[in-house]
Amino acid sequence: MKVHEYQAKALLAEHGIPIPQGRAASTPDEARRIAADIDGPVVVKAQVYAGGRGKAGGIRLTESAADAEKAASDLIGSRLVTPQTGSDGAPVSKVLVEEASDVTRELYLSILVDSASHLPLMIASEAGGVEIEEVAQSSPERIFRCTIDPAIGFQPFQGRRLAYGMGLTGGQVREATQLMKSLYRLFLDKDCSLAEINPLGVTTGGDLLAIDAKMNFDDSALYRHKDIQELQDKEQEDPLEVQARDWGISSYVKMEGDIGCMVNGAGLAMAVNDLIQYCGGRAANFLDIGTLNNPDRVVNSFKMFLADPSVRAVLVNIFGGMARVDVIAQGIVDAFRQMDIPFPVVVRLAGTNLDEGQRILTHSGIRFIEATDFYDGAQKAVQAAKGVTG
Amino acid sequence: MTILVNENTRLLVQGITGSEGSFHTERCLEYGTTVVAGVTPGKGGSQHLGVPVFDSVDKAISETRANASILFVPPAFAADGILEALDAGVPLAICITEGIPVLDMVKVHRYLKGRSTRLVGPNCPGVISPEKCKAGIMVGEIHLSGSVGVVSRSGTLTYDVVSQLTSLGIGQSTCVGIGGDTLPGSTFTDILELFEADPDTRAVVLIGEIGGTMEQEAADFIRLGMTKPVVAFVAGSTAPPGKRMGHAGAIITGSAGRASEKIKALEWAGATICPNPAEVGPTTKKVLESM
Amino acid sequence: MKVHEYQAKALLAEHGIPIPQGRAASTPDEARRIAADIDGPVVVKAQVYAGGRGKAGGIRLTESAADAEKAASDLIGSRLVTPQTGSDGAPVSKVLVEEASDVTRELYLSILVDSASHLPLMIASEAGGVEIEEVAQSSPERIFRCTIDPAIGFQPFQGRRLAYGMGLTGGQVREATQLMKSLYRLFLDKDCSLAEINPLGVTTGGDLLAIDAKMNFDDSALYRHKDIQELQDKEQEDPLEVQARDWGISSYVKMEGDIGCMVNGAGLAMAVNDLIQYCGGRAANFLDIGTLNNPDRVVNSFKMFLADPSVRAVLVNIFGGMARVDVIAQGIVDAFRQMDIPFPVVVRLAGTNLDEGQRILTHSGIRFIEATDFYDGAQKAVQAAKGVTG
Amino acid sequence: MTILVNENTRLLVQGITGSEGSFHTERCLEYGTTVVAGVTPGKGGSQHLGVPVFDSVDKAISETRANASILFVPPAFAADGILEALDAGVPLAICITEGIPVLDMVKVHRYLKGRSTRLVGPNCPGVISPEKCKAGIMVGEIHLSGSVGVVSRSGTLTYDVVSQLTSLGIGQSTCVGIGGDTLPGSTFTDILELFEADPDTRAVVLIGEIGGTMEQEAADFIRLGMTKPVVAFVAGSTAPPGKRMGHAGAIITGSAGRASEKIKALEWAGATICPNPAEVGPTTKKVLESM
């Protein structure tokens, strides 16, 4: 799960990490008042989940409260198109109005979980303010890493190593070590999957300041962080994906084709999408119904296909294991009974309780195209989407 | 011979009295697996599906000499369950549970380091050595005993692949689901090493997917340490970057995570690549025939 | 460092562990008022650092506020002699007045650092209310242990194992697990060397309650726990040992002989005491001046000898390593100049800067008995204490 | 041959610019020890006593190939210093610092587990292989090169014992102070194993004290694993129970912690016991003469 910059910064501040003075505004008027309180040059920053806001015009330096109001007025309600959004851009409903900080250097600092060592990994660089992947490509020697062993926690020696690596000296080293320790604490406390401060500014006074921040959270751990769940801004997501989640389908990704897919298992769902493309078609979505044995989830998947105007045919591919085929079959029948299904539906079933599943489908009298295996299913779905009757 | 589980496996089920635990314990028993004990705290002393239930793993092991544990424990309690299994020293722990927080798994891995237990999963279908032992949630009937090892990050895709093999008369030595999480207990390389050392495995089918670099590490091992042929398919060629495709680990975050990169690495290492998932059976057949 | 029961219980309560209702009283009147507030039978417990209070009459069950006042009046100001105090007993300046708890079972729970595994070790037993060493001797199978790995912290499975070991069932298991987790948290947070709840009562309602508690703290970690330092009750310690600490001599133990010893190094100090006994004498104290190169510490050691009426002779035995002999020698000279030393002083010096040390002593003109090695020193000190001139 | 340190030791001093660090680095240099680097955070790039100073241990090691580190770091920062040394992979770390909190040492030990670094101390005088290398705070001049190994929980008592040996013409292979803390990095047994394996050590002097059970464990090793004679003294026969005698570890908490118990165990294991500390030299002489 992602959050906005202003929310990430609030979490940093709660953990004692210095951030610029400022607040989020939902209206130009509010932005003006915040800028007036700050009394000096302010930055007005569009709050969208995507990065690359600067070059896209989403970050404005303004000299007066009136200018800040003007900038906020431009941004709020617009859609910001950055290299990380699609061509539609992301909707801006809030701006962050902050004091403009004079920084002499821009550093980089982040923590994530490293899959090689299975440990939290802290990454620091003196080359902040740009994407760290670019630095990693062009000058890997400017990136310093420390894994953090939960047996000992974050240790001062690691802070010093990274701080010296970032080119800090004197009292800054201790300050940076303290900041890293706080960031690690925050990372653990909130089950982050990424906590990134980029740039971490060095002010003209020599102090450290989190100029921009990005935080992602482990979806599997959200159940123990109600406060983080509440930060979610659904406006920033694909409306169909939000809809899917509301209907209990957590593994739905909108794609660009016309064949609606319902599959059990993420690997199989990916493979089915690959196979559709191999057969000359394109999937409208990735949809893993998971292992819950609940026919409502199947019904809701059909609701998703109806909600997606690009769907021209549906492929249901279920290989029962933990999921039981009879339950899925009942869900398909329920869907046909509860709504009008305007597109051809190809069904391929296999695995646990297959016979009972097939019996349910056959006896229901619903109209569907039966497939014998998933290659057959993919081919029939591609034909169906092209209007060729299977 | 097989790897991980066989006719001598004495299985313990953590979370045996839960609905999924019950359902799959019954399927394992039907398949012929020797399930010797279950663990559900607070239900020690009772029986479930004819299996004695204990309050703790150490007690279950000391009383039943269980040598493998399978976990059907809800995600919030699963790490504690795995740690309990590790602490009790069980040689093999298979965690089916999906959705364990990553930082819980960081602790599990730290605790695992230096211990002799092998962890398979979490978020996996388990392990089956056909006609000997099923310790997982896969459909038993689609499997056939034989000499092809299968290792996969996926669940249902593996069932499909195994069905293809079986329908072509190609039996399996052992099928291992390593799971779709970002921090799996066992990697492709870990399982490939076991297959390489298993005299009755002649060839291996590897089913990878987007995200992480596990397939690239497996490619290194295939090139340097593997004498047996490997047939590979990598799912997710059509997946967009930056989107989590169901599995926690199935997300393209850097170029290494793309299916194309993984396929390139495996191909270069000498694996036979299947262009689509329906080709895994036929390709394996050809590879076996050419040996 | 030790603390009183009422202080230990306050720490338990801060960490969410249930304790009986009650407060400490310094006067009988205060005890009466606390008892009146509780409104029911109360226990009046003498607050001394030593255990074994029950059999020594330090714990009184009373039925009314007036009885509580009477019990407090008996105890406050008295000295309580228990098997753990010595014949002088320990002074009682406070009593803990608590509701009398109806418990059906008495369990045992503690944490300490296990030197074999180098890990915190939690110990639980269903046989509480007596010294755990006795249980360990008589029925070791009734004691359950879990080491706690800092890489993972205290885990619920460990709590369950110990709780089942204590014979708890149902909801008590979760309650006990939570209590153990809290106790471990307290142990870490405050750098305890021992945190013991004995007995841990099971009330008639089935809940857990810390009936008695003992906590010791790691002296080396006190610098980071000002709150714990403030709990120290100097009245409970040997006055000479308190005096020594006030004078900066942390390693002073009062013993029963008449030869004051000043040695550098704990092992050497013990060996010198052993050697004195081997030579037919007895040391008045153990005193390690440590490695600080500070002549004032030597002067203060001589002040200790003057403060101890049993001292009849002094043995100074210094083998310089990290400590420098010249600094010690200067300290001895300073001591002789600042005060009147009424007893013979045997000095044995060796090691770092020996020549300079000997020069300082010889040129000072002070009267001392020189020893060539520590056996010689011990013999001369024993003779000196017996009045035989060395 | 010697153990732990010798003429090939390239010593790094953590806390070199502090007063104790300075003083003893100078003594080590005078003794002939090869001190190749110092570490004091914030003073990297400078020189101290002719030794280059670095900001971190890993930098010091990569630039000077130091293979041992000695720590003179104040107690509040010492565990961090040890962890830094372990992280940097130095083969030997000797911690002189007294007064490190026990729970800090719990972390150090957990981190040490599975690593190849040997930790000696804390709260110890260090290690000396006479006439080859002094990595400690002991007085160098009292030592004589030879074939008796010395291992001790005490500092100054060891100096006295070594003086006795030297004055009798008995040289030492290596003298190791394992320190007086409750959780020492190396135990008697660890060091006895090294002496047993060292071809140039003919006999070992062991100086124990009250508290803990390390002498009893050493006795087990002496009985089962040691072919060389051991001469032992245990300090604290006259110490009262329950009182901490200076060293954090020197406190009798159970009967096993008494000097008499330790002496009994060592004697039963075949060690030659000295009735008083002044007898260690003469007793060792007799033992050597009878070999």
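Every chain is named by a letter (A, B, C and D) in the order it is written, and numbering of its residues begins at 1.
Throughout what follows, contacts are C-beta pairs under 8 Å (C-beta built on N, C-alpha and C of every residue); 3 or more make two chains touch, one makes a residue touch a chain.
Note that the structure is a prediction, hence the values are computed from the model and not measured.
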Touching chain A and chain B alike are C, D
Any idea how many Å lie between the Cα centroids of chain C and chain D?
28
What's the distance between the Cα centroids of chain B and chain C, rounded to whole Å?
55
Rounded to the nearest whole Å, what is the centre-to-centre distance of chain B and chain D, using the mean of the C-alpha atoms as each centre?
49
Give the residues of chain C that touch two or more other chains, as numbers and ranges in rising order.
149-152
Touching two or more other chains in chain B are residues 107, 110
Considering only which chains touch which, label the overall pattern as line, ring, star, complete or other.
complete
Can you list the chain B residues touching chain C in their complex?
41-42, 44, 55-58, 77, 80-81, 83-84, 87, 107-108, 110-111
Under the touch definition given earlier, write down the residues of chain A that touch chain C in their complex.
149-152
Which positions of chain A touch chain B when the two form their complex?
113, 115-116, 118-120, 133, 149-151, 188, 191, 193, 218-221, 223-224, 251, 253, 255, 263-271, 273-278, 282-283, 286, 288, 290-291, 318-323, 350-352, 373-375
What part of chain D is in contact with chain B in the complex they form?
113-114
Which chain B residues qualify as touching chain A in the complex?
20, 24, 27, 75-76, 96, 98-107, 109-110, 125, 137-139, 142, 152-160, 163, 180, 182-183, 207, 209-210, 212-213, 233, 235-240, 243-248, 250, 254, 259, 275-278
